[in-house]
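One structure below.
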Amino acid sequence: MTSGRLEAFSDAVIAIVITIMVLELRVPHHADWESIRPLLPVFLAYVLSFVNLGIYWNNHHHMLITVERVNGRILWANLHLLFWLSLFPFVTGWMGENEFASLPTAFYGGVSLLAAIAYFILQTAIIREQGPQSRLAAAVGTDLKGKISPVLYLTAIPLAFMFRWISMALYVFVALMWLVPDRRIESAFEPERSR
Amino acid sequence: MTSGRLEAFSDAVIAIVITIMVLELRVPHHADWESIRPLLPVFLAYVLSFVNLGIYWNNHHHMLITVERVNGRILWANLHLLFWLSLFPFVTGWMGENEFASLPTAFYGGVSLLAAIAYFILQTAIIREQGPQSRLAAAVGTDLKGKISPVLYLTAIPLAFMFRWISMALYVFVALMWLVPDRRIESAFEPERSR
Amino acid sequence: MTSGRLEAFSDAVIAIVITIMVLELRVPHHADWESIRPLLPVFLAYVLSFVNLGIYWNNHHHMLITVERVNGRILWANLHLLFWLSLFPFVTGWMGENEFASLPTAFYGGVSLLAAIAYFILQTAIIREQGPQSRLAAAVGTDLKGKISPVLYLTAIPLAFMFRWISMALYVFVALMWLVPDRRIESAFEPERSR
Amino acid sequence: MTSGRLEAFSDAVIAIVITIMVLELRVPHHADWESIRPLLPVFLAYVLSFVNLGIYWNNHHHMLITVERVNGRILWANLHLLFWLSLFPFVTGWMGENEFASLPTAFYGGVSLLAAIAYFILQTAIIREQGPQSRLAAAVGTDLKGKISPVLYLTAIPLAFMFRWISMALYVFVALMWLVPDRRIESAFEPERSR
C-alpha cells in the first residue's frame, strides 16, 4: 500500500469529522436571541475542535509525506488515530451543550490525550519502519511539542473537576502552541528542494 | 505541501457541507400537504445555500489552480474559509425553519460576510506568496465582484431587522452576480493554452 | 478545469448522499420485532434509492470519461444534477416512513424525474461542447433509456394518487432497465482500446 | 473504468460510514456519570464496528490492487458490498442502545454475514474476470479466513437468542482473526517487488 492511499482515506475521515461536528450546533426552533444564546458555548467548543482537527490534518500530512512504504503496523496505528479523532464531535457537543461542565471538560481532555498518544504511536511506527536514517526522526528531532501536549492534557483532566477554566485554558494553549507554524519537518526537506 | 492536497481536502469538506445541509430538511411524520408546506422556506434556503457553496467551490478551484507552493499562511487562511462555509447548514436551517425571520436572516448575512472576507484573506495570502508577477493578481484584476459582495452582505444585515425581504433579495442578487460565468481567471490562462 | 476534478467532487457528493440516506433508518429504542417492523418500508425505499444512485454514479462516470474540457455550462449542469440527487435521502425517508403513501410516492417520482432531466441537460451540454464529432453523442446513440425514463417517471406521478403500487412498480422497472449493463458507451471505446 | 475510480468511491463510502457511526453516540443533555453510563454499550459496539470497517477497508484495498479492468459485474458486486457496509451504523446503534439485546445482536450478525458474503461475491467476480492466471486467486489461496467468517456469523445469529454473549464473543473473535496481519496477498506480490 502506498502512503497516498492511506493519506486519501485519512483526509476523507478528518474532513467528515470536522464537518459533522457542526451538526451538534442544533438549529433552534425559535428566531430570537434567547434561542441562540445557549449555542454560544457549543460554538466556542466547535471553534476549538475545528482548530485542533485542522492541526492534526496539517501535521498528519507532513508526517505521511516522509513515508514511502506502509506496513500493517502503520496502517492500524493510523486507524487508531482516526478512531480518537472521530470522537471529537461527541466530546465537543457534550462539553458545549453543558457549558463546559467538569465531567465533559475532563472527557474532552481524555479524548485529546488519547489522540495525542495515538499520534505519537503512529510517528514511532513510521520511524521504526524507516530505520536508522529515518527522515521523519531527523525532522521531528526532540519533538518537544509532541511530548508537552500529552502532559498538559493529562494535567487538565483532574483540574477540570476543580478549576475547569484552567483546563480550558490549557486546551487553548496547546492548540495555539501548534498553530505557530511548525517548520521542523518542512525545513528538513528544504535542502533537497533548493538543490 | 502541494496545492493538490489542499484542494482535495477543501473539496471533501465543501462536498460534505453541501450535502449534510439537506439533513435540515427534516422528514415529516405525515404524508399530506400540511406536513410538507412548512418545509418550503427550508427548501428555498437550501437552494440559495447550494448555489452559494457551488460558487465557492468553483471559484476556489480556479484560484488554487494558480498556486504552486502552499505555505502555512495559505493553509490556515484556507481552513478559516472552510470554517465559515461549514456554518452554512446551521444558518440555512435556522433561517428556513423560521420562515426568514429577521434574526436568522441577519445571521445568514453574517456568515456570508465572514465567508466572503475569509475568501478575500485567502486570495491575498496567495497573491503575497506569488510575489509581484502573481498570476492570480493579474487574473483577479480589480476584483469588483469580490469587493461588492461583502458590502452588500454588510448592508443586508441591519436591513434584515427592517425590510427582511430586501436582505433576501440582496443575498439572491450576490449569488446571481457570481453565477454569471466569471471569465477573468480563465481568460488569463487562455493565451498560454492557445500557444 | 479538467474533468477529473469535476468527477472527484461529484463522486464525493454521490458517496455522501448514498451514505447519509441510511440515517433515515432511525435506530429504534426497543429491541423487539414490533420496533423494527415499521422500518421495513424505509429499508425497501433505501434499497431502491441506493440502486438508483449507484446507476447515476456509474453512468455519470462513463459520461465524464468522454469529457476533456469543462466549461461553465457543464459545471453548473453538473451541480444542477447533484442538487436533485441530494434530495433523494429526503424523499426516500419520507416515502418509507409513510409506507409508500400517495403524496410522498409522487414526490419520489418528481425528484427522480427532475434528476433524469438534469442528467439529460448535462449530457446535452457535454455533446454541444464536443461539437459535431462528439464521442459522447456517438456513444449515446438514440439514447432510448434516457428518453423512456422521464416519461415513465412522469406517468408514475399522477398514478401515485390512484394506484400507488403501479408507481412503485414503474420506479423499480426503470431501475432494473438501467441495471442491465449498458454497453453503449463502453463499446464505442472498445475499437480504440483493441487497436 | 479503472480500478482507481472504483477504489476512490469505495474509500469515500467507507470513510463516511465509519464516521457517521459516531452520530449514534447521542450527546447526553446532562453532564454527570448517570448520563454517560448508558452510552458505554454504544461505545463498545462502535469500537467493534470501527475495527470491522477498518478491516474491510484494508482487505478491499489489497484486493483491488490486483484488478486492472473493472466490468459491470465487478462494479455492482462492489456496490452490493458497500450496501451492506452502509447498514453497520444502524445495527451498531441499535445493538448498543439496547445493551446487546438478543434481536439487535442477531441483526448485527446478519449484516456482518451478508457483508462477508458480498465480499466473497466480489472476490469471485474479480477472479473470474482475471481468468486462470488470476493473481488474486493465487494470493487468496484456500481463503480459510474468508470461509470461516461467514460460518461463525451464521452460528452467532441463532445463539444470540440463547447465549448472546457467545455471539458477541464470536463477533470479536472474527475481528481479531482478521486483525492479525494478513500477508497472503502482500507476499504474493513480494517476489515481483524484490526483482
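All chains are identified by letter, namely A, B, C and D, in their written order; residue positions are counted from 1 within each chain.
Keep in mind that, in the parts below, a residue touches a chain if its C-beta (ideal position, glycine included) is under 8 Å from a C-beta of that chain, and two chains touch if they have at least 3 such contacts.
Everything numeric here is computed off the predicted structure, so don't read it as measured data.
J.: For chain B and chain C, which third chains touch each of them?
T.: Both-contact set = empty.
J.: What's the call on chain C versus chain D, same or different interface residues, using the half cut on shared numbers?
T.: Chain C vs chain D: different; shared/all numbers falls short of half.
J.: Through what angle, between 0 and 180°, must chain A be rotated so its C-alpha atoms fit those of chain D, rounded to a multiple of 5?
T.: 90
J.: Using mean CA coordinates as chain centres, what's the chain C-chain D distance in Å?
T.: 26
J.: Can you work out the whole-Å distance between the CA centroids of chain B and chain D?
T.: 37
J.: Provide the list of chain B residues touching at least two other chains, using ranges where the numbers run on.
T.: Only 8, 12, 16, 20, 23 qualify.
J.: Given which chains touch which, is the overall layout a line, a ring, a star, complete, or other?
T.: Here the contact pattern is a ring, one closed loop where every chain has two partners.
J.: Please name which positions on chain B make contact with chain A in the complex.
T.: 1, 5, 8-9, 12-13, 16-17, 20, 23-24, 72, 75-76, 79, 82-83, 86-87, 89-90, 93-94, 97-98, 101-104, 107
J.: Of all residues in chain C, which touch chain D in the complex?
T.: The touching residues are 7-8, 11-12, 14-16, 18-20, 22-23, 25, 27-33, 36, 47, 50, 54, 57-58, 61-62, 65, 179, 181.
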